[in-house]
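Below are structures written as structure tokens.
In the two complexes below, chain A is the common chain; its partner is chain B in one and chain C in the other.
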Partner chain A sequence: MPDLRKYLQIAALWLLGASALLAGPASAEEIRLWHAYRGEEKAALENLLERFNATVGHNSGHTVIPLAIPFDSYADKLSAALPRGRGPDLFIFAHDRIGGWALSGNTIAAVDDFASAAILERFPQPLRDAMSFEGKLYGLPFNFKSVALIYNRDLVPEPPATAADMLALAKRHTDQARGHFGLAFEYTEPFYHGALLNAGGGAFSADGELQVDSSGAVGALHTLREWLATGALPSEPTSALVSGLFNQGRAAMVINGPWMLSEIDPTIDYGVAPLPLLDNGEPLSPWAAVEGLFLSPASKHPQAAWALVEFLTSDEAALEMATTGKQLPANSAAFSFPEVQQNPVAMAFRKQLDTAQPIPNLAEMTLLWTPLRTALQRTVKGTATPEEAARELQAGVQQDIDTLRAQQQALTNQQNTQAAPLWPWLLIPAGLIAFLLTGTRRRRIAAGLQEHRTAASFVGPAAIGMLVLVFFPLAYGLLLSFTDTTMFNEHTPLSSRWAGLDNYVAILSDWRIWNESGVRFDNFYWTLGITIAWTLVNLALTVLLGLGLALALNKPFRGRNLVRVLLILPWAIPNYITALIWKGLFHPQFGAINQFVVLLGGDPVAWFDTVTASFFTGVITNVWLGFPFMMLVILGGLQTIPSDLYEAARMEGASRWQQFRRITLPMLRPTLLPAVVMSVIWTFNMFNVIYLVSDGAPAGANDILITKAFRIGFEKYQYAYASAYSTIVLLLLLAYAIWQTRVTRMTEAAK
Partner chain B sequence: MASISLKKIVKQYGQQAATIPGLDLEIRDGEFMVLVGPSGCGKSTTLRMIAGLESVSDGELRIGERLVNDVAAGERNIAMVFQSYALYPHMTVFENMAFGLRVRKTPDAKVREQVEATARALGLEPLLQRKPGELSGGQRQRVALGRALVRNPDVFLFDEPLSNLDAELRTQMRAEIARLHRTQGTTSVYVTHDQVEAMTLGDRIAIMNGGRLMQVGTPAELYSAPDNTFVAQFMGSPPMNIFSGQRDGTRLRTAFFEIELPTATAAALPTELQVGLRPECLSTTGTAATLNGRVEMIECLGHEGLAYLAAGDTQLRAKLAMEQLPQTGTDAVLRFNPADLYFFDTNGERIAATSVEPAGTALETAGA
Partner chain C sequence: MTILNWLRGLFILVMVAIVLYPVLWVVSLAFSGGQSLALVSVPEGASFFEALRALLPLPQQWSLANFEGLLTEQPFGRWLLNSLIIAAATTIVGVLLACSAAYALSRFRFPGRERGLMLLLVSQMFPATLMLIPLYVIIVEWLQLGNTWLGLIAVYSITALPFCVWMLKGYFDSLPVDIEEAALMEGASPVAIFWRIALPLAKPAIAVTALFSFLTAWNEFILASIFMDEEALYTVPVGLRFFVSDFSAQWGYFAAGSVLVSLPVVILFLGLQRFLVSGLSAGAVKG
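On to the complex of A and B.
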């Protein structure tokens, strides 16, 4: 029965397709809890949930069903599910999104009615503040994290009490020549800068106004510069560098959070202490990140969910989180249990909390991170004075905040803030299908399907998959680009977000590539120029290198196969790994490249500080990644050229160069052309290399269109603008592909 | 125009035994020399050494008076026609033919003039703007010839240029090559497998085997006076019958016949020898000697046919007129002239100056 088998196979394919579209509904007696915990913290949470299910839950007839979601997609999943009422009953998330969620509505529920004063007593004031927004309480704090001073006890027997002591100590333990540093931390990361910034008054005033150009904030930048001027801190710090130096005993002290502890080498005897006091007697006050327990406004069992929240923040639960979970529980009672008190590390982080500041939970805060990082980098590199950097930061972020506020104003003016239903979207494919099914077209399509029935049924599942996975997102992105969607108005009706061609006009009509302070690196045309230069330079170099190597490998010599395999290797390694390795090689202080430059008697190059050097780092990496493909393609092409053509040419007296010019090159054309087309498209959109190596440094100058679009979408949360950007990228590549096939067809016709 | 001289030419590839252990060959100015021999005997290698595409391991290679062992192919002023034609597929016929002139930086007007003249001579004019992919096999061959001709070289080399063509085209192109050589008189070396090509084209033919030269001579010389069994069997179709014989006094005994030899001849022959007799020298009529054999098979070729005779383990082919062909399975008696016999020693070398006088007194005995 071969036919039956075939139909069964087809049915299985269809089922696979269909099952991807269906999601199971939840049962009435379940409390759904979402989190992104892993490892020990997950184990502790699951212990607690088991206990709850056996006691409180058992009595009230509720069972908690936890769902661990990968961290990377967690925020998106919540933003997509909660406003549509399809999320969990409660979830665990960082507190800094409270402001945005509270303003957009329908995402988190205020819990003032549930939370009794007795319960609130459990938490220190800063953590309660962290969970409040505009006078309302949105959930309870669960665990907290902040940085503190982690020191190598072999080098630093007593932690320093003041910043001056700390730097003096750090200087003593610095030996640049040997790569030893007294103090290491990621000082260009905004989160770590919090300690200085908050000591200077913080990023926002008490009434929520941006004040990153206040004298305190400028002072914080000056202080950072003074610290760096001691030479006791490594340049271009990354988290891997910081923990690496500490683990090799090459950093006496680091400023880092509890997340680093599990990575510390067991041979290092370390201690943890709160950050020291500044010269004026004020404490350094790092930012604290709080994990909160939030209720969904759409929960059908708010009472039961709240009971779980109370249980999870109880003294008993706090002890479990502290011991099994190795967390810092928000419930202060955890730190009076002897098990925890005997742990000096936990106690030190708890002590640090007293001077820490929760990260502002204002929606505006999300707009600050990336620009603040740029400002920090510019200050550190000296391309701007602290005053200039602060002034530009204030102006840029204030503008984004004004846009955001105007949007929110428009939102509150509208009555309808209901989540947009998804079903109208289905009208588009439905309309398309209806159009296709009119009149003669229907008959033709039906006849076609009838004729190629088996083929159609095999293609069907894949076609549906493509429709769902490729065309739908594409259409959605296109639609999005005609709106003014941002993170904060995502869930409002599409009609209220409609913006027509505004995004495109804004992108394409902005011709101000220069202003008084130089090139505006966020201008579309600058980025387009960089992208084209990036593509052409890479293409030229990969083709040249690939051609050269292919020509060399095309001649027999000893060890040829080995060389060939070695040359293909860069291609066989995942490109992000290669990119990260190259980033390490280009590190100004520790990278092998600068060490080599110094060995040759040169001065170390600050690879990521100038536009050209930084461009070059990306090009080197990408050529390294790209030449094996070209080499293989060209080698294949060379082998299709019959050797007697060269013999004939030799007989006619053609030199090697003439043979290459008149025979090799023209005969490689047909193999090379498709490879060039593909290479252009890949390079044009080579996100990984740019993002991981130069990260667009300096200040986004070396971003290509696709990384720029990513930053607009996921660092500035301007989804619609980013969509328009991506659409323009798509159109550019489409135009290129069409042009290229035209040209190819024309030259082929000419043959 | 030039003569070519190969003196003790050796070709060695890597460590293996020499492919050509030492070749001496003189090709005269304006001569059409054909190299033949079985596959793998080193014909192409020899040709490619002359061309400069293969290095010469040892010996002296001269073109004209010039020693060219270390002269690059392009400097020898030689043109070569390849079996695969080796036309540049991305160039038009015109460009293909002009290639050699252009790499020598010939002025454009001159290139045009020369290419067009050659194209006219070969009837290629209408094809000048086509690419090789748009030509038939014969046309491609003609372009390859044209490309070789256009430069007016001192020497033409051909490596089995016609083997990719069908029989009819081959005959036609063969005639064309012969005509070109007649009109231009350029020294040519021509490698082929095909005896007919060799016979019809060659002023002289060099027969090679296992890297060694077996014999050089005009087609007639090679046919009538082969130096050894190899040449004897290589020329002529079907090849000469060779079978062993024993001389006992003046009597020569073979599996097929026994004859009386003239005393002078007998004196020159060893007791163990090989006897050759061409199939076309046998017939059923005439007064000459007879031989007996059992007819194993008959092949008809139209106006004539082949009879396969066996006597014991020994076989013999006879080319006979159709009406003379015996019946399969019968014992046949064929006649031959003892003067047509060739004698070779057991190593296959011709025993010189031995032929049997047409005495007419030869005795006949039945074969075993």
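On to the complex of A and C.
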């Protein structure tokens, strides 16, 4: 569509009237480096890049251009850019994605040809292994991170040597009534559970088979339960809670990583020690995350980029990263510099590395995180025994793994992609045109365009914009739902991925809502029910609150303008932070809501433990965020009601209630309807609130369809399945919108 | 009567308190100088009022350290400027497109009109996360608008369109057509009628759509960080997310940034308040 493209570009330029807004393209001699560093680590990296540009880069005629990217969008940005050859030459990322990237192709380059034995000597063996997948090396390790024991020296003079000592010590420093705990860590987060899990043999066997139901893994769950039974650990631990407790001197010891150090209150005297030994003499063995330096396969300057990799992993660079950057460099030489050796914190984390294990870089590992979190929560809350939780975890994750492997297998067996039907491609535009044109006579199209030239010129720009930037992506999403696209076959031609209605059949025909241990929360129909309940409850509450406030604010009083602005605040503040504040308010031990409840003489509520309570954490947050919109709409609606109607009613002796029923409500109807329709659509797909507040707790029971689709797509790599989920959401909402329009039209006609 | 008034006052007070409580947490975190989300714990044996005091989100000490850090550690001012330009341009482009489309949908009868309105709704029904890759392909690969303000402005103004068109179309529906008909009789062109008569009458509704478009562009994070390849071109929401990384988060900076980011929106609200109320009402009369 070159003509259309040109037209759009010209039109867009004309609209802005400034070509100066276009940034210039990158010049040929640049090496582009992407990373997610900030603060000290970023400063250290930039120092190093400057040094490189002045020396090695200067000699070879290359300049490094770094780009910092927020962690939350980094992975998305990489997977959008790299397979299309548009990414950086070099990037820094956690090593645990290597397996997935290597299998999907076009994302990272193998570097065996570049890496000499001398270079590899720089790193301890486990870190080298972390960067290898199926016998190939995919980059060099840069820095590593693992948890260790961080303790408050005023409370704990000497770090405990064994787990038994640690718990005894923790119990002594626990005073639940005053909110003091001996030990705090995010024990329901899989990454932190690694210490126990790896001591029990790890999540995967040496040949890459899932073994989360092994006796060692079950034992790890039992040990965790024993730890919690001491009462020395706080409930619902989040990273904010752990660092908050430690900073207030209310946690004697925490298990956390080097990222926490910069947040520790300067008044706290802390020390760091490797995690203690278990009772059987085995060390606790936390997971290590390794930040690797990766080359893009599309890089035009792989040699120069590799020179930069060698420079960044040199002894000199490692020292800079350790001192200025306060990082733990993968290059062992860093720890023999006196500056670093005199730093007991760095040396303690280095010592922890000896017993730590890099997170498995298998693609299968990504499938484990969320189910493992669910299993941990169930075990901790006692809704499942360790044996049950482990068995279900193994079965569920194994099934996802089998799905992915079967497809990988099919992909490698597929010699020549079979000729696929072309008609699905045509179906989309044909359907769109049919949708637009049914009800009109075809012969009139040409004449119609002429006749409706004015209308077309008014609607045209918006329609073209919508077509290109909304309906094309939408059509792509719909198309995807008829394929079996996952991360691994994304780059194969679409025709070879055609799967017809398979995804829809799989979703809609799964009637197993119950099994022996209760409701299966990952079933489509359960999630659909929750989503409908979620939408209805939210809608009812926002409309009721909005109506009440609008009525209350409709009569003038002193300070009304101020109140109106205050009530609008939830709309103005970025909801990312307010949603998290609400999550904090709901914390069972330290949240303000439970404290209020206790103050008023009630019992604290375990907000995230039951389906109902957890459901309402989301609802309360969402109503708080959503009622200002409804209030404004109704407030405006009230102002369109002529006041003489009320006067006439009063003359006839109608009560306030009768006036409300007979005048206010019917006159508000037309105002409310469009707002309700929009609100239903937005609430049905309200991703942020669910994801940030309850995160579907307990065990995914409170996921709505959109968060479920996200989990399937981005935590299980099954893009097509997620797309089918989303398409079903679209069809449901479309049915609702059509029904609503019909009803409105019928009631209007009836008048 | 008086009892009703008392109840009304009480209701408003309670709602203001409920709205303000979490907001105060954000503000107090921003001014605390610290980074961790505060904890609430009522000391044992505290009296009712001491307990209440403990539950009030007031920082232990007031400090501007978070604001200083925010403004000096990163080019926050530059990002604020980028955001303002992008949001302002989005508002102008979005409102222009929405006005003309809504006017046509309200005044002209043409094939596809009803379905066009339905399609606008449909566009709101599909999750944005799944449209990320195709949008990237269109904006960056086809239109070559990656790393430009233009690309973001185009996407944002189109994203805000459906709501804006619905609002404005409803408002135009509620405006009497007599004046426009009279102008037509006197030989005015449709474009002139639209510019000279319909648009000035629709000012209140335009204020609402403008605000909505502005907010769409002002708060968007993921597309801005995926399309932009230079730190100097980032927007404020992207800058804010730097404070949340995989293992930890600097909530103090984030809160300070949120307070700063909310200020322009609140000022805009204050300015548009009068329009806002009457604008939404009339716009929604028929939908």
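By definition in this document, the second predicted complex is superposed on the first by the 605 of 751 C-alpha atoms of A that agree within 3 Å, B and C clash if a C-alpha of one lies under 4 Å from a C-alpha of the other, contacts with A are read in each partner's own complex, and residues count from 1 in each chain.
As a convention for this text, contacts are C-beta pairs under 8 Å (C-beta built on N, C-alpha and C of every residue); 3 or more make two chains touch, one makes a residue touch a chain.
Predicted model only: the values in this text are computed from it and were never measured.
Chain A is touched at more residues by one of its partners, and among chain B and chain C that partner is C.
Look at A:Val677: by the touch rule set out above, it reaches chain C but stays clear of chain B. In the superposed pair of complexes, A:Pro666 makes contact with chain B only, with no contact to chain C. In the superposition on chain A, A:Asp644 contacts chain B only, with no contact to chain C. In the superposition on chain A, A:Gly271 contacts neither chain B nor chain C. Once the two complexes are overlaid on the shared chain, A:Gly653 sits against chain B while remaining clear of chain C.
When the two complexes are overlaid on their common chain A, residue A:Pro70 makes contact with chain C while staying clear of chain B. In the superposition on chain A, A:Gly249 makes contact with neither chain B nor chain C. Put simply, chain A uses no single residue to touch chain B in one complex and chain C in the other.
If you check the complex, the residues on chain B that touch chain A are 51-53, 72-75, 78-80, 82, 84, 86, 88-90, 99-100, 103-104, 131, 147, 151. In the complex of the two chains, the chain A residues touching chain B come out as 642, 644-645, 647-655, 658, 662-663, 666-667, 669, 751.
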